[in-house]
Amino acid sequence: MAMLGFIGLGVMGSRMVKRLLDAGHTVTGYNRTRAKAQWLLDLGMRWGATPRAVADASDVTLSMLTDTAALHAVTGGPDGVLAGMATGKIYIDMSTVSPGASRTLASQVAARGARMLDAPVSGSVSTLEAGKLSIMVGGERETFERALPILRDIGPTVTHVGANGLAVSMKIATNLNLGVQMLAFSESVLLAEKSGIPRATAVEVLLNSVVASPMVTYRGPFVLTMPDEAWFDVTMMQKDMQLALEMGRTQNVPLPTTAVTNEMLTAARAVGLEKRDFAVLFEVLARMAGKAG
Amino acid sequence: MAMLGFIGLGVMGSRMVKRLLDAGHTVTGYNRTRAKAQWLLDLGMRWGATPRAVADASDVTLSMLTDTAALHAVTGGPDGVLAGMATGKIYIDMSTVSPGASRTLASQVAARGARMLDAPVSGSVSTLEAGKLSIMVGGERETFERALPILRDIGPTVTHVGANGLAVSMKIATNLNLGVQMLAFSESVLLAEKSGIPRATAVEVLLNSVVASPMVTYRGPFVLTMPDEAWFDVTMMQKDMQLALEMGRTQNVPLPTTAVTNEMLTAARAVGLEKRDFAVLFEVLARMAGKAG
Amino acid sequence: MAMLGFIGLGVMGSRMVKRLLDAGHTVTGYNRTRAKAQWLLDLGMRWGATPRAVADASDVTLSMLTDTAALHAVTGGPDGVLAGMATGKIYIDMSTVSPGASRTLASQVAARGARMLDAPVSGSVSTLEAGKLSIMVGGERETFERALPILRDIGPTVTHVGANGLAVSMKIATNLNLGVQMLAFSESVLLAEKSGIPRATAVEVLLNSVVASPMVTYRGPFVLTMPDEAWFDVTMMQKDMQLALEMGRTQNVPLPTTAVTNEMLTAARAVGLEKRDFAVLFEVLARMAGKAG
Amino acid sequence: MAMLGFIGLGVMGSRMVKRLLDAGHTVTGYNRTRAKAQWLLDLGMRWGATPRAVADASDVTLSMLTDTAALHAVTGGPDGVLAGMATGKIYIDMSTVSPGASRTLASQVAARGARMLDAPVSGSVSTLEAGKLSIMVGGERETFERALPILRDIGPTVTHVGANGLAVSMKIATNLNLGVQMLAFSESVLLAEKSGIPRATAVEVLLNSVVASPMVTYRGPFVLTMPDEAWFDVTMMQKDMQLALEMGRTQNVPLPTTAVTNEMLTAARAVGLEKRDFAVLFEVLARMAGKAG
């Protein structure tokens, strides 16, 4: 069992550490707010005083952060992850950040003799807890193979998609479907409901149909009862849609359904729904259709 | 076991009859071209000379037809299904037709003392053969319950969605997701591919992700190798999108992703791809992105 | 001066008759409600008891009706325009109807030895009253030339666009711009306003810019004060957008901006704004942006 | 007559200087490439060795640049415009840059005792040469009034829209209409042409209709003959659409027609048309419709 480090112990990160501890790994963790990590310390996780301290103590350091700015914050400076990188070490960032930022960081890690992988995940908290998370990995194949057993302890499906940065690209390309599928699902439910079919029946039929992706299966029922706490809020969803639209412009790929859905997410924020789960797209459309969401 | 009739022995209909025969029912069948039904006659299906003859010989008559015009053709006139309806009989139409046409026919059936159900299905040939078809049913609950055992022999998930015509409405509302999910999936694959990820890898990752609906799972690989024969061609897909857009106008539901996808289906027809499976939306987008589909 | 007939004395039709009377023509008019025509009778217009009576009394009969159904109502049957057609007569329909219906009628008129032109107009009541109406004409060139002096008395710009039905096609193709330009204009005004520019200033700047079409010039100020009476209501506008979308499917032309705008017109109807001028698209968008329209 | 300076003597800037010289002003000019300015020097324009030299020699300095990066290049550093600002001087930037960048610069100018205005224009070279340019101005009213006579010598319509940065915001809000109107116009022309109307006739009718904005009037004929040199190329148009979409996200305004049109501009770049005038949107749509553009 390797000495592991983990930076960013939020909703997803903390549960990943739990799985790594359960698998028998030694994990040194770091989080901006230590209090949130107490339950993991109680389970045996060690504490690192800074991101660099985590990297110093570990063969393989992982991170799970909100965005590109957070990645820069924990990797740069004298207390950052980069300062703790040395020959033979591996740094695996699992955040969804801009592909360019990820590639730049990989070069900086390599300059210190270490190797980096970008390893974003597909799936939510429930997928993770059910042990069904998919992980995409970008970076050298040799490094990928060294990291594979560790990543498999987090989720069973680990796919090497190509060079550094490409896993993040793949993640962003994947995520546009979340928003679009949710909006199309909302169109279906409202059409059915205004035709005279009870909303719950419409949801049931759709969840038994060929369009029921895992995402639709767990998020579809939100149009009946919205969860108090967002699984993935409008702001986060729109951040990913924006990254996709930027990639579309850079790579010259027109994205008609993504562009249309993104404007509906703007409409959600415009009426104060930015902190709700992005399933609230249903409510945005319902209001346009003159119906309570 | 009831005496059953079945009109319309095409790709879907014939396989339904096969399942009904396997379940031990006596089935009298009718198809415009008798030759296509030979394999079913070899399996013990009886032949009805006209739709009316089928209805005369059966307690429950089912039909599976291409569109509203075909429905009118087999139900009207002296040789039609309607002429064979009598007290206590049931007519179940499984086609995707306009909700209004279905409701009108149900009244005509009721006027003859019989009862009609609209029972469109969600799923393709492979879903049907795998015994996983979902069936939505519109009509009186009592009639629904009488028909339930027979429908369960076709597919395991049978849901009563409401009064006559509502199952067809639900089916149309469901089907808009097929086109939209396929276009969004195409956006993802092209984004990934133009970023440097092999197309096959992109498809693999997407099929392991939370956006992989059953439809995406069986149709997604078509962007690697398009099938020679369409499972559901552009013309058929656009027919359903049109029915959805018409319902949207009637019921006052804006359908942004449906409307955008429908224009891409028009683009597919404009360049001569109307007979290909609607997965060819990928190629339409690929051409816009300056890339071979 | 020729003997003229005019059927359909609504807002547009009545003002056309006024211009024809002013130009010195003898006009026999017909309207479903005679009372509405009193002011024209006072100006010297003669009354025809039926559409056929008008056609019998006239060398050239014109009509201006709401839709295809109204056209069928006044042309068919023993009292209809067709029954009054005879060798050498001309029938000019100025309504916006389906191109197919217009072409069929032209054949029926020709079968009686007469000739038909479709001659829809571009412009509203104010354009007409200002003597600036544009008229597009479909039909034989010879007939067009015979009718030209009369049409010029209605509006100065008369263009022969091709065979029967093509003027209506051109009109429908033109009108999609009305809805799209209005929605794009609304996007501009809301962007400016939410950035801190007074709405009236934004409108003023836009009306002085290169995007100020005549339509934008007279309808743009409606976002400051909506008129009590619609110039062209949401229902009428959507009727034209639908005709355009139907043509797009028939002729295989993708119409991305038309399709998107059409869904916003549906949203307007969904919240009860169907009788307002279609400039109310601004309010639909303003509500989505969390702002009073 | 004031002592004027002008930085950026490209297609638009040089013709503005010509108008200022014609109006009797003394103008000191600067351009990265001096050769391009020879004709203005021949007309009496003085030469400034650096942007700062221009500002030093002038009461009012104007600039007309391609983008935000170019603005930073000529205003910053020891040779930049800022270094030449002093109490009582005015700096007027007429470029289309990000509203935030413009506001920041205005603060820096104010910190040196001078005042800045953002004064972008609506209209193209031909509008400018015809003396019909519209100018929007952001900044203090008092400064606006001092600058008004000079701006009127460039174009007749000068509108104060509000505080610093708001004129640029208004300009961006205006420009989204260019792309959208051009795409809607293209939909119309293709619909008409595929229905059987000659393309030239369709353009003529549209140019005589109520949708003929000045932009449509001069750019519409490009669908008959594309100019060798772009008036405003796809890359420039998309830069403005992007600025609009960014404002939309910041100000929470959904922009459905802008978003859809922007994806079509991406499609234009994807097939190598990025240097053509953005009227090439017609060709993008024509290819989708299976027709030569």
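Each chain carries a letter (A, B, C and D) given by its place in the written order, and its residues are counted from 1.
Just so we're on the same page, contacts are C-beta pairs under 8 Å (C-beta built on N, C-alpha and C of every residue); 3 or more make two chains touch, one makes a residue touch a chain.
A quick note: this is a predicted structure, and the numbers were derived from the prediction, not measured.
Touching chain B and chain C together: A, D.
When the C-beta pairs in contact are tallied for A-D and for A-B, the bigger tally goes to A-B. For this pair, chain A with chain B, the centres built from the Cα atoms lie 36 Å apart. The distance from the centre of chain A to the centre of chain C, with each centre set as the mean of the Cα atoms, comes to 53 Å.
Between chain A and chain D the centroid-to-centroid distance comes to 40 Å (mean Cα coordinates, whole Å). Each of residues 248, 252-256, 260, 264, 267, 270, 288-290 in chain D touches at least two other chains. On chain C, the positions that touch chain A within their shared complex are 256, 260, 267, 270-272, 284, 287-291.
By the touch criterion stated above, chain A contacts chain D in their complex at residues 238, 242, 248-249, 252-256, 259-260, 262-264, 266-267, 269-270. Interface residues of chain C, counted against chain D in their complex, comprise 99, 122-124, 127, 134, 136, 157, 159, 161-163, 166, 169-170, 172-174, 176-178, 180-181, 183-185, 187-192, 194-198, 201-202, 204-206, 208-216, 244, 247-248, 251-258, 260-261, 264, 285, 288-290.
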